[in-house]
Each structure stands twice: as C-alpha cells, then as structure tokens.
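Pasting a structure below so you can have a look.
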Amino acid sequence: MDNGTQHNANAWRQTRHQLPEVGWTEIMATFSIVEHLKSLNGDVSYGKTFIDTKSRQGMINEQEWDRAAERAEENGVPASFIAELEQGHTGAVIQFDTGRSGPHVAYRVDIDALPIKESKDAAHEPVKNEFQSQIPGAMHACAHDGHTAIGLGIATYISEHLQDLIGRITVIFQPAEEGSRGAKAVVNKGWLDDVDYFLSGHIGIASLAVGEIAATSSEFLATTKFNVSFHGTSAHAGAKPEEGCNALLAAATAATQLHAVPRHSAGASRINAGYLNAGSGRNIIADTAELHGETRGSTTDINAFMIKEARRIIEASALMHNVDYQFTIVGQGEAAVCDEEWKQWVPAALQNSRLITNVHASMAVGASEDVTVMMNHVQKQGGKATYMIFGTPLKAGHHHPAFDFDEKVLQTAAAACLQPLVTQIWTASEEK
Amino acid sequence: MDNGTQHNANAWRQTRHQLPEVGWTEIMATFSIVEHLKSLNGDVSYGKTFIDTKSRQGMINEQEWDRAAERAEENGVPASFIAELEQGHTGAVIQFDTGRSGPHVAYRVDIDALPIKESKDAAHEPVKNEFQSQIPGAMHACAHDGHTAIGLGIATYISEHLQDLIGRITVIFQPAEEGSRGAKAVVNKGWLDDVDYFLSGHIGIASLAVGEIAATSSEFLATTKFNVSFHGTSAHAGAKPEEGCNALLAAATAATQLHAVPRHSAGASRINAGYLNAGSGRNIIADTAELHGETRGSTTDINAFMIKEARRIIEASALMHNVDYQFTIVGQGEAAVCDEEWKQWVPAALQNSRLITNVHASMAVGASEDVTVMMNHVQKQGGKATYMIFGTPLKAGHHHPAFDFDEKVLQTAAAACLQPLVTQIWTASEEK
Amino acid sequence: MDNGTQHNANAWRQTRHQLPEVGWTEIMATFSIVEHLKSLNGDVSYGKTFIDTKSRQGMINEQEWDRAAERAEENGVPASFIAELEQGHTGAVIQFDTGRSGPHVAYRVDIDALPIKESKDAAHEPVKNEFQSQIPGAMHACAHDGHTAIGLGIATYISEHLQDLIGRITVIFQPAEEGSRGAKAVVNKGWLDDVDYFLSGHIGIASLAVGEIAATSSEFLATTKFNVSFHGTSAHAGAKPEEGCNALLAAATAATQLHAVPRHSAGASRINAGYLNAGSGRNIIADTAELHGETRGSTTDINAFMIKEARRIIEASALMHNVDYQFTIVGQGEAAVCDEEWKQWVPAALQNSRLITNVHASMAVGASEDVTVMMNHVQKQGGKATYMIFGTPLKAGHHHPAFDFDEKVLQTAAAACLQPLVTQIWTASEEK
Amino acid sequence: MDNGTQHNANAWRQTRHQLPEVGWTEIMATFSIVEHLKSLNGDVSYGKTFIDTKSRQGMINEQEWDRAAERAEENGVPASFIAELEQGHTGAVIQFDTGRSGPHVAYRVDIDALPIKESKDAAHEPVKNEFQSQIPGAMHACAHDGHTAIGLGIATYISEHLQDLIGRITVIFQPAEEGSRGAKAVVNKGWLDDVDYFLSGHIGIASLAVGEIAATSSEFLATTKFNVSFHGTSAHAGAKPEEGCNALLAAATAATQLHAVPRHSAGASRINAGYLNAGSGRNIIADTAELHGETRGSTTDINAFMIKEARRIIEASALMHNVDYQFTIVGQGEAAVCDEEWKQWVPAALQNSRLITNVHASMAVGASEDVTVMMNHVQKQGGKATYMIFGTPLKAGHHHPAFDFDEKVLQTAAAACLQPLVTQIWTASEEK
C-alpha cells in the first residue's frame, strides 16, 4: 500500500468515525462501502443476498430502523438503496476471481459502532481534528471505523493487483459484531463454505507499538447475550404501595446479584448488566423493567456455568418482587483457536516488510469476538484461520469515550493482511 | 346542572381521556379548555400570564415539548396557539366578576395525565366504549380527565347563572399536579391572593358510592420529589471490567436500599424509586444512570426524616460503586389541613341535593396533592379551604392501567362544588 | 403503698436489674419471686403447675438452659429449686382468696430481660449507683425489672390488706414476654379462665411525667416471630468458589430485601431482621446461616401481608443463592382492644390519689405485647381488660443500652393498679 | 519409609483427624508432636522459643484459648504443657545436625484444622472407620492431619538415618496456616535464616493418582484476610424503628456488594465474606455486626485492587446504614515462585522410586498458602524453594465436609520429600 492508500484509509476512517451506526443500522456505512466496492473489479453483494434473515441475532426494532433510515436519507443515502437493505440486512461482500487456480482466501472486517457518547475533551484527537461523532450517543469506540478502512484498503489493493494474484479472494464487511449478532447470518449464506485461508484481526488490544503485530490470538471468551423483561403491577406509591409488584426492584436486585456470581477456578469469567430501563414515573410502583446483560467465559463450560447462574438469579429476582419475567438469548459467541501454522506463516510473510518491525507469535484477546463463528466454520471445512492483533498506542481503552488509535496502524494492518496473500506464504511453507 | 351538562361532562371527559398529556405538555388540553372558556362570560388567561415561569418545578426538556407540540399540531391545535404557551406554560384560568359585592370564591381542578400504558382489556370501559388513550404510554389514570370536565361544568354553570351570584369567582385549570410541580407556579402569579373560599377535590380515593362525598379531607402526605444522576466510567465488560465504575449498579443499589429506609413510628412514611434508566449496551460497564424517586410523610417531620435517609443512601450508593452523582429536588408537596367549618358548611349546603345522598365529615387521602400549596396560601391570607372527596366505585386503584370510574360522579362532584357557592352557605352559617 | 413499700420496690428492681435473664431462663428471678410470695398469705404456683409445656413458644435449647442454671447456682439458687423448673418452666403465680364473695381480679407483670449489652456510660444511673447488669450481653432494657417490682408490691399489699378486700385476686409473673412467647403457656393452664377484671400495663411508652398514667392503651401491633435456617454447600473460597452455594449471601440478601417490603396504606407495619449468624471462616463459602426476624402490623391483616411477603422473600433469597432453607414461626402476638369502661373507671378510682396527678383516657402503644393473648382470653370469657401506661421520663428508648426510668414510677404504677381493686370501682360504677 | 512407617503415618493421621484444632489452638496436636519428636535424635523447640509472639496474625481471643485448653486437658494434655504454650504459641520444630558439613535443608508441614462440621455420611471413610472428628464444628478438611503425619514420618526417618546424611536438617510443624496467619511468626524467629533448600507441599490439589506428584507449583494467590466490626444504634424494632442505625444491614449490604467487585482482566481474583454475626434479638435493631472476609489475586496487584475495592465497599455500607465501622487486617499471604531447578532435581531424585510413578514438572495451586512467606524468605537469602503436589484421588474438594484422601499418599509424599535429601540431588546436579 502506497501513501495514496494511506491517505485514503485515514479519510475513510474519519468519515465513518463521524457517522457511527450501531449494529443492524449501518446504512450509511453500507452505502459508502458498496459505492466504493462497485468501482473495483469484483462481484459485490449486499442486502438479503449477503445476509441470512433468520440467522440474525439481537435484531433492532422497526422504530430504530426507521430512525436510522431517516438519518441516512438526511445524510444523502438514496431511499432506493435503503429499501434494498430490507430492514436490517446491512454490510456487504466483494468476491474476486483471478481466473487462475489457487486457494480461496477470505478477509473479514467489522463495521458497526457502539452506543457510547464520545468524549468532547479538546485533547481527544477526533475533536481536535474535527471528525468527532455527529450521531448523538453513538461512537466508533472499538476501531471498527478503522477496520472498515482496512477492509476497503485490502479490497482496493486486490482489485489493482488482480493480475498478480491467483485463486479467489473474498472480503467481507460484517455488520453487528458488537453483541456477537452478525457473523452467523454471514456464515449461513455460505460465503465461507470453501475458504482455505481466513484472516481477520483487531486494532489495539495488546500493548504494542505501531509496526508490531501478533500473528495469532488466544483467549477468546465464549459469551451469551441476554435480555430480561420484568412485568409487575403498578400502583400509586403514596396511596397503595402494598398493591404494587415492583419490576424496577426486581431488575435492580437482579443487576446487583448477577455481578456477585462466584468467580470460576477454571479460568476467566465475566458478567455484566449493561442496560436497565424501568418504570415510568416516580410516584408509580414500576410495573415494567428491561435488563440487558451478558456472560462470558474463557471456555464454553465456564460460560455455561455463568449463564446457568444468571438464569437462576433472574428467576429469584422476579420471585423476590412477585413479578413475571421473560428471558431471551439475543447473541452467542464461541471460543476459537487460531491454527498454529500462522505463527510461522505470518512472520515469514512479513520478514522483509518495510512497515512491520516485530511479529509476536500470539497475544491474548481476553474478550469475545463474533469472528469466532467464522473461524470455527472455516476450520470445520478444513481451512486455516487466524486473527491478528495490529499494534498501536491507545488514548483510552476499547469502549471508552476517549478511545482513539494512531492512524498509522491502518497501513500496517493492511500490509499484515495482504503480505501472506501476495507471497502465498502458506504454499511456500507447504512446499518446504 | 341538568342532563345536558352531564352529557357534556361525559363527552369532555372522554375526549381528554383519549388524549392524555403528562405534566407541562398539556397543549391539547389547554387549547380545548381555552376554546370553551372563551365562549363564556369571563376573563380567560393562559401562557405566561397564567404561569410563573420560574416557579415551575420538574420542567420537561425541549425534546419532550417538541414531541408534544408536534402531536398537538397533528391533532389540530394551531401552531400559533402552541407558540402562546411558550414551552411549558400550560393550563388556564377563568375569572368571573358578578359586579356585586361578595366574597371571592376559587375552584381548582388539575388536568395532567400519567406516563402509564392503558389496559387493553376488553372489559376496560374506555376500550369497550372506544375512548381509550391514543397517546402511547400515557393515560388518565388519576381521574384528571374527569376533574377537567368538572371544572368546565363549574365554569359553564357560573357563566350561565352569573346574574344570580355575588362577588367574584375564579376557576383554575392547573397543569402538572402529578409530581407536585405546578401549584406553586399558579400561586406565585397571585390568582389566589385575595380568595376567601377555596374549593377543590378528587374523584374516588375513599370507598364511597356515587352520591356520597366527604366535605373535607385529612392525611395529606408531605412529599419531596427528587432526581439522581450517577456518573461513572465506562469500560469494556469483557476486556477490562476492573476499569469500569458502574453507574447502573450504583442506581440499582440505591433503589433497593431506598425501599429499606426504616418505617417511622410517628405516622405514615413512603418512599419510591419509580424510574431508573442506566447504561447503553450490555457489553459496556454503564457510566450513566438516572433515578427518579420520591419520599412522603404524614407530617413534615416524617418526610424530612425520609429525605435525609434517602440522601445518605444515595451518597453511599455512589461511594459503593466509586461514581459521582448529582441530587436534584424537582417537586415538593406540603401537608395541609382543611378548615373545620367545611364539615358543617358542606352538609348544610347539600342537605336538599337531589344528587348527593350522604355527606361524610372527612375522609383520609393518604397521598400527596399539589393543591396543598394553594390551600396553605389561601389560609395564610385568612381564607378558608377545603378538599372534598367525590364518591364513585373504581374498577382499579389510582395510577393502575385499568383505573376507571363511574361517570355519574362528574355531575355529583360539580353539584358538591357549586351548591356552597349558590347557597353562599358560609355567609348563612356566619349569620346564624 | 407507703414509703416502706417504695423502698422495697426500688431494691427489688435494682436486684433484678443486676441479674437480667432472657425469656425461659428466668431462674434467679423466679426463685427470688417465689421466695417472697411464699412469705405472703396466698397460694403460690410455679414450674409445670404454672406453665403449660406444649404451649411455650420460641423455647431455648438445652445448652442455653444449662448455662443459665449454672449461673443461677453460682448466684445461690438451690439445685433442687432449679430442678423444679424442669427446663424452661419459669415464672410464678400467687392466688388470694378473701373468702368473701366478689369478682375475680387478675394482675399480670412480665419478668424477662433482653439480649442487649448495657451501657457503661458513667452517667447511666445503674452504673452511677452500681446496680448495672452482671450478666454479659443481657439487660433489663424494657423495664421488666420494674414490672417485677410492681408485681411484688401489688402482691404484698394485697396480702397485708386481705381482710379489707372481697372476691379472689391473682397476680401473675409471666416469663418470656419478649418475642411474644410466654402468655399462651400461662393462659392454657387456666389461670385466667374465670377472671372478671384483668389489669396490666407498662412503664414508659408515652411521653408522660411521673404521676401521669393512661387508663387504657391502643395500637397494639399484631406480630409474627420467625427463624430461618439456610443450608448451602461449603467450598474453598480460593480454590473452588464456583462449587459453593452461599448460605451467608442468601441470609444477607433476605435481610436487606425484608426491610424493603412495601409500606401498607391501611396502617402501621413493621419488619426486622434482628439476628444473623452465618458461616464459619473467611476462606470457606458459608454453608449455613441463621436469621431471626419478625413482622408486625397495626391490624391482623397488615401483619398477615407482611409475613406473606417475608416468606416469599426468604424463598427467593434461597433460590437466588441455590441453597435450601427452613422457615419456623416461633412466636405470635395478637392485636387487642382495651374495654372502653376503663376510661371511666380508672380516672374515677384515682381521683383522690396523692400520687397520680393526671389520668389520660388512652395512649398508643405502637408495639406488640404478649399480654394481648391474655386480654383476648379474658374478654372472650366475658371479663373486662385494660393495659395502662405508667408515666416516667426515660433516659433512652426501650431496648436501648442506656434505657432507664425514674424509680418513682414504681409506686405510682402500683397505686394505679391497686386503687381500682380497693375501691371496687367497677361495682360502684355499675351501681350508678 | 517402610511399611511400619506407613502404618504409623496412618495412625498418626487418624488420631489427629479425630481431634481437629483450628489455628492457634493446636494444643493436643502440639503435645502429640512434641512427645514424638522428643523421642528422636534432634533438638525440639516449641512455645515462645518457636513462635515470635508479635508476628502472629489473626490471634484468637482468651475465651477461645481457654476452651481449647480445657478440651486438651480433658484429652490428657498435662496442664504444665499447656502453660508452656503461653496462649497461642502452638506448633513445634526439630533440628538435626549430622555433624558433617553440607547444606541446611528445611521441611515444613502445617497442622491446623478448619471450622467445618464433618460429614456424617456413612460412606465417608472417617465415619466408616470410626475416626471422625470428636470436636464439634471442627474438621481436618484440608489434609493437615495428613501433613502432620508426613512431617512426623520425615523426622522419624531422618532421626533413624542420621548417620547416612550430611549437613543440617530442620522439620517445621507450622500452626495457623489457614488464614495465612502463622508462617511469619515462624520466619521471624529465624528458623529459616540460613536454609539452602526448602521443601514443602500439599496433598491433593491437582487431579493426580497416588504415585503421581508435581515437582513444583505455580499460581499461588496473594491474599489479604480482614475483619470488620460495624457499630450502630439499637432501638425497639416495633416502637421506634426510625431511631435505629442498623449494623446487621450494613454487614449484609457489605457481604452482597463485596461479592460483586468486578473481575480483573489481568488474572484470577477472589473475594469471600465467610463469616457474619450480627444482632442479638429479632425485636431489636441490631447495633453490632462482625464480618470476616478475604481477597485474593494471582498477582500482588490484583489482590491490591480487590482489597482497595473491598475497603471502599465496606465504608459505603457503613455510610448506607449510618453506622461506624472498624476494619482490621488479620492475615496476608504472598505470591511466590518455585525455583526452576526443582523441575529437574525432583524427577532425577525420584527416577528409581518404587512409590512414585510419575513426576510432573509443575501444577497450579490456584489458592493461597502461608508457606509463600517462608519460600520468599529462603529465596531472599539465596536458598532454593519448592512446593510439591502429592497426588491422591479426593472424595470431595478441599474444605468440603466430606473431604477425604487415600492414605497411601502419606508414604509417597514422605518419599517425595526425603529422596532429594537422601540423594543430595542438588549437589549431584550442580556437579554435572
């Protein structure tokens, strides 16, 4: 990637940073991606062709879509394009065929933002350079704006160098990674069914400098995302407090107690009640409450332990306050293991790189990633998968209002992804 | 009041029931009231002339007003009228002057609705008779639709019989009674400054049949309404849980612990955390939470005890989870005592009533009422105040989604209010 | 009662104050009472003759009895007397028969202490005058030491003036009033079966001066006393936290949530988790927890509401932490109503009293009293019952470590109890 | 160790199992150990000569000592011996000097039991073979009875083969390991000051068969043990609930919230509130509460995070319920790392062992061990330390009421400890 691409990557990232869209509402992002991909020498798919309707998890409601659609139109997305997305079929894919025999290589980047209010601190780079979020309450605080730019850079490079490559290449722009909601809907459309080599990765994560990368990752957390609705009985808080069945207190009790699930001796466990909305007014015993939570575990068994505990705690919280409840699973992430071979392949591919100064064999992720669904799918078919870490200093942690990275990582990440393809390092390795 | 008025009262009530508006957004109600009052022989005031801007408590925000305004326009309220209300100056007053010397008598009804989702049960009268709420999430579940109809009936009767009356008469349609937010803004505009006799009341409350009323009320609960904002630090719930300062858990802890404030041996106490909104997404440690609550006491001292406990509990909840917080008082209701004389006057005035079959001397309210601010104001100036109870069976308690009353109470209530005026029973009594 | 009696009453009280014994362990108290009663002209009963074994509630265990017995022996109670009490048959009764026809009048005082550590403050009267508790962790903090002295004074007076009285007189020294555990065991032995007039009362309660009394009381709280045992699974807190089922947290959750049961609009409600013992060591997930609690209500219905809520909360707390539990009711107090006649009788009997300066018709108790079981029993048989309040300033509230009263109240209380008997005021009244 | 020793080891273990004594009360254990050690060819020390008075942590109170002393006397320990222990100076040490130059090798076993009620299940080996705990509420549920037997076996062997050995050998019988309370008091008396090779270990831990051992251990958890006393204000729960400041609820709140401290992304964290005692009676607002807890972390930093959170939560819990509190640290364990050399030495020493079938290089402990204080001390002086795992199937986890191990492990453990000494494997290794 030359400087021109670098310039583009920064611009792509900053545009996306200004218009962050949360999972299943990435209309502006999808439009912008599709517009660019259509200018390349590949087959572009999106909408229901790209996404399997029934496999989508944690789908937004109609109102949320309408609001996103309205906003997208105001920002210049044609109504006809929005219609093509048929409510929540966001993201896109481009397929290249060199016409020459060779392996099928696939890349995946994610494109959704987070419901976080971005920092207004003058020292925050997006503020200083005037590309901060224009969408109230939404922010690219997990670098998916950067990932999108990397994906566009990869696709552009492939398109421009198609005559030098062999086999087939697929670049996937996945929606709704946050909450582990979108990968399954891509997988179930078959895009990865015959992939030989699958590459993905993440900006930041470990404490690495720009120029440093990790060839593989470990410690993906299995995860379950759930929603709980509590239904009680409202009553006048002054006149008849004893007639109420308090859904707010049921949810508050659940939230506190969920965080007190015992630690697990077999490895990392996580639990969070991240959203709670209950009641309508101060003088009414609240008859409804909505709680969104998640569990994680460094193994499937630990996550299973956590979710089992969580379900019992929620049942008990409802009983405690004499209310009904509904428990729904809205997302599920898997554990996954990178193929060992990449620990050799990636360093080999990058040994002469001008941009990459240091390649670590593996770094721990310590979080959940929807990509695991894709990795496990590829591996089950006999393919090899890796998930790299692209080093950059961070101004604040992932999901923090002041999260920011050094944009130079965009170029190193693209290089780390492309070089194994260009060198066909896996074939070279196998030949040895 | 003849049958025609009764018919009108029911129609007025049902129209309002279909378009419930919560406190400070009563645009459609105000328009409809003002339209009718303008057809009468009195002086009508509304907007900033009626409401003291600075004395309003628990004011809504701009977005809420805009949404209410938009809805009002869609329902036929002219934009010019909405503009006259200058954002949150709702309600209206009509003043009658007979031109003859005599006391100044004032009536007050309240007009706001509640943020409650109305029952869709087929047996619920408003559903059966097709006048249920058209406003999602709002409902007249405390009979203020009926109170509005009673006020319109009173004003209409006075207008039609002005030549038979003496002195001056004022009928106030108060906004934002729920939450004890509106009375002070009416009082501070001086409408009650020289009132001699002040009458108000409530539909339901005690278990009385239609035709039964209480001449006075006791056991008003002093109350304090408060909002708390908790501000913590967000963090990725999977990757860095230890970096978060959890505002959701601070609010949940506060909610649970607030309800555990000790009972008070000196009388009734109340506390409620009625609204809680926290966090943005399941995988983020919540950095913000908003909690709305209230305390009550059968005496000012008990309420003071409750709010003191509440403040300490909130401080401790913030400390517990290492978050900042802001505590704001958004409404305050007083205790009040009806003048004893009404226990004689009202039965005397109603002894020959065709509609009123039984007059109880006094009934307990056991709740807070913004009207206490007006009663105390009138009494401080030397006037006499009462608050009556208008009997009716209820289908479900006040503030319940299936709350409903027998519309026959509208006529008995208006009669109970007007008869003391018509008979000038206070003068008659004094003459004895 | 002359000054000699007054002197004795103070001495009796101070002796008992130094040797406080909690319910069903009142061995020293019973011995001392019986010793004195035996010197009078009446029939004394105690042990199984006095107490119905099966009707005792909240019985102590064998170890507690043994410890109390050991202590009593060390303080000079003969082993033979202790044996007569046959483990937990404490208290005594004396019956006088004048041989003349007349009504059966019964008095009841209570004799047990509380598990409270007495204040060591130098300003605390029992400390200053060197009669503070010699029993670690026990204290007469509810004036039952004074009640015992009053009972002894009453019995002594009757014995000395038997020739001036008519009918029969019974004076009951009830054990285990605290926790509402002893009255039923007295009643079921028949001591009150043909009682015509039943008098009891309490030192303090209302804010009255010495010399002021209340002829009757209102607002007895119905009550239920309960114990809960939680049984979980222990585990090493460091090595296998996930294998524990935490009984300590179940009890802690229950305690907090019990205090958050909604207030009741129909009257006073109370709830308390007053004792909690859980776990064995810091590094073990606690597998056992014991919780002692109580509910109260100004009506039977309110108490029933409270105990129903409490049971569900305890069930939910056990479910929350995946532990078993056992719920046991160990005491139950009733609501009761004094007969109206006493409001006339007592003032009439005391109108010429040198000691009593003011007789109020009625005062609110606002607490539970085991005596209600006796009152209801007497009234069911056609007798008349009252419960008086004996005024005295208090240094600190009942059940407070610094609780203390003015000993002058002992004489006024005895006078208030005896004067109706001496004047046979009920007969005089009936004759009118 | 021959079969005779094996027989003795089982007997020693079963005797100790019947008489479990918790930390600082190991009077019977110390007597029995000292009796045996005195029959050997070494110097025996105990009492204040062995234990540094001021360095003891988490000391018991006088009553607990007296009860233990009484029990010990009843079981035949002479009063004169008990006096030598001078209240809480338990444990013993034996020093052997071969008179030949060579390294100083030290062994350490621990001897205290746990406050756990032993299982009465007929299938539980100690029940079946009639050596279950005779001390109510205490149990050897962490194999320290076995460790004691191993220590006695080691000392006996050394004594019998002293002429075949070189250098000096010390065998320490440490008291109060549970709660990380005793090691520092041994270390500060200087017993380990010039030790060259330090060996210790634990029965069970990993899932190993008898005959399998681990040469070293990893993942010791740093730990802090703490006590909290809450002091509130008592009040009558029925009459004046508002006057109480509830220490029971403060402790219950703390317990629940402590368990909700966030997980730490850098490694394992632990927290437990294992003991809670609050209040005196159900009808009194509790004015005192005692809470015992602990934190742990796989690194010192994680444990520091946990204890910082814990302190703030306890402060907030006190503020929540308006009570005072006192926070005391009563024990502290360190993290430690076994010297790498043992991974070679131990397998080499055991390669020809008849008893040891498999030597793993290292296993994870995942718990805290007071021995870390000794290991760190030895290493700071230039010595080498290891902590081995002695394999055995377990009937239930450590600290479980049904914990039990295969007694064959006693012989394999002693062999694993003695063989490096006998072979002087470290010297042999260095020579290579």
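Lettered A, B, C and D in written order, each chain numbered from 1.
Here is the rule we use: a contact is a pair of C-beta atoms (placed from the backbone, for glycine too) under 8 Å apart; a residue touches a chain by one contact, two chains touch by 3 or more.
Quick caveat, the model's predicted, so the values are computed rather than measured.
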Quiz prompt | Touching chain C and also chain D, the following chains | solution = A, B
Quiz item: Using C-alpha centroids, which chain lies at the maximum separation from chain A?
Solution: C
Quiz item: So which has more C-beta pairs touching, A-B or B-C?
Solution: A-B
Practice problem: Determine the centre-to-centre distance between chain A and chain C, using the mean Cα coordinates as centres, and give it in whole Å. | Solution: 67
Quiz item: Where the CA atoms of chain A average out and where those of chain B average out, how many Å apart are those spots?
Solution: 48
Self-check item: Where chain C touches two or more other chains at once, by residue number
Solution: 239-241, 246, 249, 253, 256-257, 259-260, 262-263, 265, 270, 285, 366
Practice problem: Over in the complex, which chain A residues touch chain B? Could you list them? | Solution: 114-117, 137, 142, 178-179, 205, 221, 223, 225-226, 233-241, 243, 246, 248-249, 251-253, 255-256, 259, 270, 272-287, 289, 292-294, 296, 365-368, 397-401
Quiz item: Which residues of chain D touch chain A in their complex?
Solution: 256-257, 259-260, 262-263, 265, 268-271, 366
Quiz prompt | Contact set on chain C toward chain A in their complex | solution = 239-242, 244, 246, 249, 253, 257, 260, 262-266, 285, 305, 312-313, 315-317, 319-320, 322
